[in-house]
Amino acid sequence: MRRFDTILGPLVVLALLIGFAFVGDNYFLRLATFMLMYAVLALSWNFIGGMAGYPSFATAAFFGLGAYCGAILQKAGVPMFLSWAAAGLFTGVFAMLLGRAILHLKGHYFAIASLIVAEALREVVNTWTELTGGGMGLNLPVLQMDVTDQARFFFFAMLVVAASTFVLSAVVIRGKLGFGLSCIKQNEDAANILGVDATRYKVFAFVLSAVFVGPAGAIYAGWVNYIEPADAFDVLLSVKPIVMVILGGAGTLYGPVVGAFAFLILEEVVWRNVLTFHSGLLGLLIVLLVLFMPQGLIRVTARRLFRRTAAP
Amino acid sequence: MEDYRVEHRMGLKTRRIVQAALICAVASVGMSAGAVAADKTLKFGAPLPLTGPLSPEGLKQKEGYDLWAEQVNKAGGIKVGGDSYKIEVVYADYQSNTPRAVQLAEKLITADKVNFLFSPFGSGATKAASAVSEKYGIPTIAATASSKAVYDQGYKYLFGTFTPNSTLTTPLTKLVKEKLPAVKRVAILARNDLFPLAIANVMDGSAKGSGLEVVAFEKYAIGTLDHASTLTKLRATKPDWVFATGYTNDLILIREQMRNAGLKVPVVTMIAGPAYKEYAESLGKQAENVTSAAWWHPAVRYSGEDVFGSTEKYNALFEAKYNKVPDYVQASASASGVILQLAIQKAGSVDPKKVRDALAALDAKTFYGPVKFGSDGQITSLDPPVFQIQGGKPVVILPADIKQADLKPVS
Amino acid sequence: MSALLELKGVSRSFGGVTAVHEVTTSVRQGEIVGLIGPNGAGKTTLVNLVTGVHRIDAGEIVFDGRRISGLKPHRISHLGVARTFQVVQPFPDMTVADNVAAGALFAGGGASVAAARDAAYEHLEFVGLGELADTLASALTLPDRKRLELAKSLAIKPKLLLLDEVNAGLNSREIDDALELIQAIADRGVTIILIEHVIKVVLNLSRRLLVLHHGELIADGPPDQVVKDPHVVEAYLGARFAARMRGEPA
Amino acid sequence: MLYLQILVNGLLLGGLYACIASGFSLVWGVLNVINILHGSFIVIGSYVGLLAHQQFGINPFLTVPVAGLLLYGFGYLLQRGVINRAVGQPVLVTLTLTFGLELLVNNMLIAGFTADYKKVVLENPFGQIELGALFVPVDRLLSMVLALLLTGILYWMLRGSKLGRAIVAVRMDREAAALMGVKVNSIYAVTFGLGALMAGAAGSMMSMIYPISPIISTAYLGKAFVICVMGGLGSVPGAIVGGLALGVIESFGSLFFSAELATTFSFVLLILLLIFRPTGLMGRRGYE
């Protein structure tokens, strides 16, 4: 039965998504691509924030770096796929170096350091006009492709990244690394004494939280054709994944995915109805979520399911 | 999916039902009456930054579109051939986030099926979103994009109501040289941001082109809370002319701190702050004799063949509706609607391709000024006014035929 | 027998206050050594130095023929040094079994999570927590948490086990149970250093006592000798021990 | 002379910065809560100053106590009603909570006041003192003095009064303070209120210096962050030191480098500080 859970379930979802790509119209494809992107961000943050318990606000930094790395390479004539891969590599290496520098900080200090890294990067990109276009933004080459095909193309590109992130999450969460991260989250000193190489594990988790966000940023840049510092390094890119993960259930495998899906729906439903007060409503949602459902959707429903199956 | 229509008091659902009922009723009447024209609707999509840092600008654009739509509908809609079309502007808030603007432009086109599009705010977002309307072949009017880079992409469906940035700085530079020949040294202070930086760059060119010396060119970061030291630094370069660009809040602060820093010069130019009434209101006497330039000003006087008829009538209608004087953003937004309307009427069709051709060939008079587009889609017929705050109010000092006062030195 | 653990002139100070000063001693394979001293004598600091939590300022620590001072805690635990904490530190949101499995997996050379869990059940049986294996660690009573600490330590297959006040907070019956368990662990060939400030507890198990006072090692030898040592009596046992012997039952 | 002017500029700015940050630092130190709402609190204070000036022609310096008390009440209730439910939880929870509240409150401010920039325009501006080539704007000088005075009062209150000692005790060790009979929850609410009070006072004062709009709240918050980390969090004197330091650094930064790099410069400095000296310039041990 467990097989169904871990392999068949995701496969069914994957098949549905692929099928969806051929029936949905462009707008819905765009929404779905966004959902996949959110899922990548949420699953990625889950490595460092959900599993290791380190409140990272660096997602925007990785996303922006990936977007600019991909865009600059593509403008320089590097093939698209290669530029995406390079974005992943670059953000991964960046995360490794950054992680070594700031992962010895705990709690608020770590949160702020990671937050400020994104701010500093944005300023750097803003100032480095020759390379990045500065505040003028950067336009990417437009694909010579039919509109619908283009929508499908980016949908599938994002799907591949999201699926990879998911698979890696599944492997990590069930393996030694996930176990170790869970120990670190609950008691880092005790984990060290039991032989967990906390520093290495944390850096590893931090790198994992970056390597897929980078390509997601690069794909996103190609998809919207235009990036600028204020958007690529938007602090909401760091905050939204956290909300999604909390919404779904931190440290779980399905939580971030469920959270990303639920968040997107909420975003769209909220905005459909209120034009100038949606950030207020998003705020209200966050407040209610934190106060009344800190365990997330997954745990709430899982508990209910468990209760039902537990009865003979 | 940020639907927000001009008449938004009724709930969306109720409105849909009423609408459907009306359409049915009209349709049945139409059928029974035979050849009587049915009342149809044309949808105009407008992705705007209604929240976030750009929201003041976005809300202004919305006011401009709303006023236009209201007037057109009051006049019985747009008449094409035998049909008469009501106007509906479908708004979407992109939260001052450019990629979202692109996403929403696509959403407006594919999900809301808008017939025409108004661009998002500013050159950056306009450029980004223009790729979408080009992809779908939807005629698009940019109400607030001036950078050449927006129009030299070779796109066929994008038309803009702002002349290139240099048309703001060059006439002003010439005027200053002529009236105040003692002014030789220019110090430029620019916000490191799309439009403010672009304007500062063309000013640099205009100044050098007319033989002035640019003694300083300083940029400041977005969100800067203090300019004291930068201004102290500028003071040391002994400028005669301080040219500052930025958002209204930046410029208010800079003007205030210029006084604090003892930076007294005969010419102070700020773009775009003085075009907005908040600027003079927030600075009081400090605003006096600050010069600026914009693409439109309520003091200009044009008569037109459009729904507003003339600049005076436009100003009056605007004041009646919003109880304030329009500035160039609101007027340009209204003009964007007017331009599309004229093109549709000239084309005699709502077919995007035909309307696009009519736009390219358009040569019309409007309350906003004469409208004629260059081959790249940017307006060429406009002569942007230069103005100065005098007696707490902006007065036009250029072009000569509509000027209300002469250029005065600051002190 | 050769020395399993050797401390050579080990010192450490915090912000000018000396916590451990030039401690030199060695522990042989299979010994049960008691490390005693009044509160603040530097006992826990010494444990932290051996396990790598704190770095030493001077001296050298050799374990099993290998210099371990300067290594990180997880490396030292991989080599076979386990410890328990004065204040028990379980992973509260994990099951009891997973708490132990963590030790088996990371320092105990576990091949996989599943294998580590299997090993965990054995250790839990050994310490008498078999029935509670699947409950959350946060739900355990204090004596059970102490057992859990022991099981976790055993899971890393230690050669040396440092038990930091493992009996603190337990009543006398619970202490007896704990001591029995410690003896059983020692019988498996694990060398044990028993850190206590209540000397009576140590006397039952240890054949050798180390006494720490103000960070210095002031006595080292069989309990009967140490107890008579004038330095020890003066520095530590004098008033306190007498008072305790008269007063509470430990 | 140029350097002296730049230094004076920096110190004047630093005084305002200190006032922006002191309440933020207090809340962070005592409640272990990063109050993302702080910037909006300042903006509300500014609107109090603006409205009082528009309606009754009162100088914003005089509305400082009004704005302070109003914000105290708001902060107290907000903490009692909402934030208290999350105190003591992991960083992530409290941070996300105040972030959500910030979105809500800021959006309400925009709905109420619009995002347009406004400013108090005095009939008779304070002008500036000119000492040779040295210019000292009087409004800023007064603001700096008042800011330092307020921060000083806060410090003195924490040191000297019974309430202050209770707050400090809670900051040091919550459990111990509770055992000693301190009502921890009410201390939390009072502290949060005090933080809001400082924000409101700063906001009212700055209503004649900075253009007012809800949008500007993030700029204030950003500065508060940087200053707190520089000064050492939770430390009121640290906020003064950090504020003055940041003011001077930015000031000289825009002289030597460029104004566009001043922000980048302070961010980079901050990251380095976090990595190598997380306890702040004052070198106090953090309360982690």
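Letters A, B, C and D name the chains as they come in the text, with residue numbers starting at 1 for each one.
One rule holds in what follows: contacts are C-beta pairs under 8 Å (C-beta built on N, C-alpha and C of every residue); 3 or more make two chains touch, one makes a residue touch a chain.
Note that the structure is predicted; figures quoted are calculated from it, not measured.
Shared contact partners of chain A and chain D, listed by label, are B. When chain centres are set by their Cα atoms, the one at the greatest distance from chain A is C. Here the chain at the heart of the structure, going by C-alpha means, is A.
Chain A and chain C, compared by their mean Cα positions, are separated by 43 Å. Mean C-alpha positions place chain C and chain D at a centre distance of 48 Å. As a whole-number value, the distance joining the C-alpha centres of chain B and chain C reads 76 Å.
Centroids built from CA atoms put chain D at 37 Å from chain B.
Among all residues of chain B, those that touch two or more other chains are 51-52, 192, 221. Within chain A, the positions touching two or more other chains are listed as 123, 126-127, 276, 279. Residues of chain D in contact with two or more other chains: 107, 110, 222, 260-261, 263-264. Chain pairs that touch one another, listed by label: A-B, A-C, A-D, B-D. Residues of chain A that touch chain D in their complex: 49, 53, 55, 101-102, 105-109, 111-113, 115-117, 119-120, 123-124, 126-127, 239, 242-243, 246, 276-277, 279-280, 282-287, 289-291, 294.
Listed in rising order, the residues of chain B touching chain A in the complex are 1-4, 12, 50-52, 91, 93, 95, 97-99, 102-103, 106-107, 110-111, 124, 127-128, 131, 135-136, 149, 192-194, 197-198, 221-222.
Listed in rising order, the residues of chain A touching chain B in the complex are 25-27, 30, 34, 123, 126-127, 134-137, 139, 142, 147, 220, 224-228, 230-231, 234, 268, 271-273, 275-276, 278-279.
Here chain B touches chain D in the complex through residues 51-53, 55-56, 59, 192, 218-221, 223-230, 232-233, 236, 248-249, 252-253, 256-257, 259-262, 278, 281-285, going by the rule given at the top.
Listed in rising order, the residues of chain D touching chain B in the complex are 2, 5-6, 9-10, 12-13, 107, 110, 114-119, 121-122, 125, 128, 130, 133, 135, 137, 140, 209-211, 213, 215-216, 218-219, 222-223, 247, 250-252, 254-255, 258-264.
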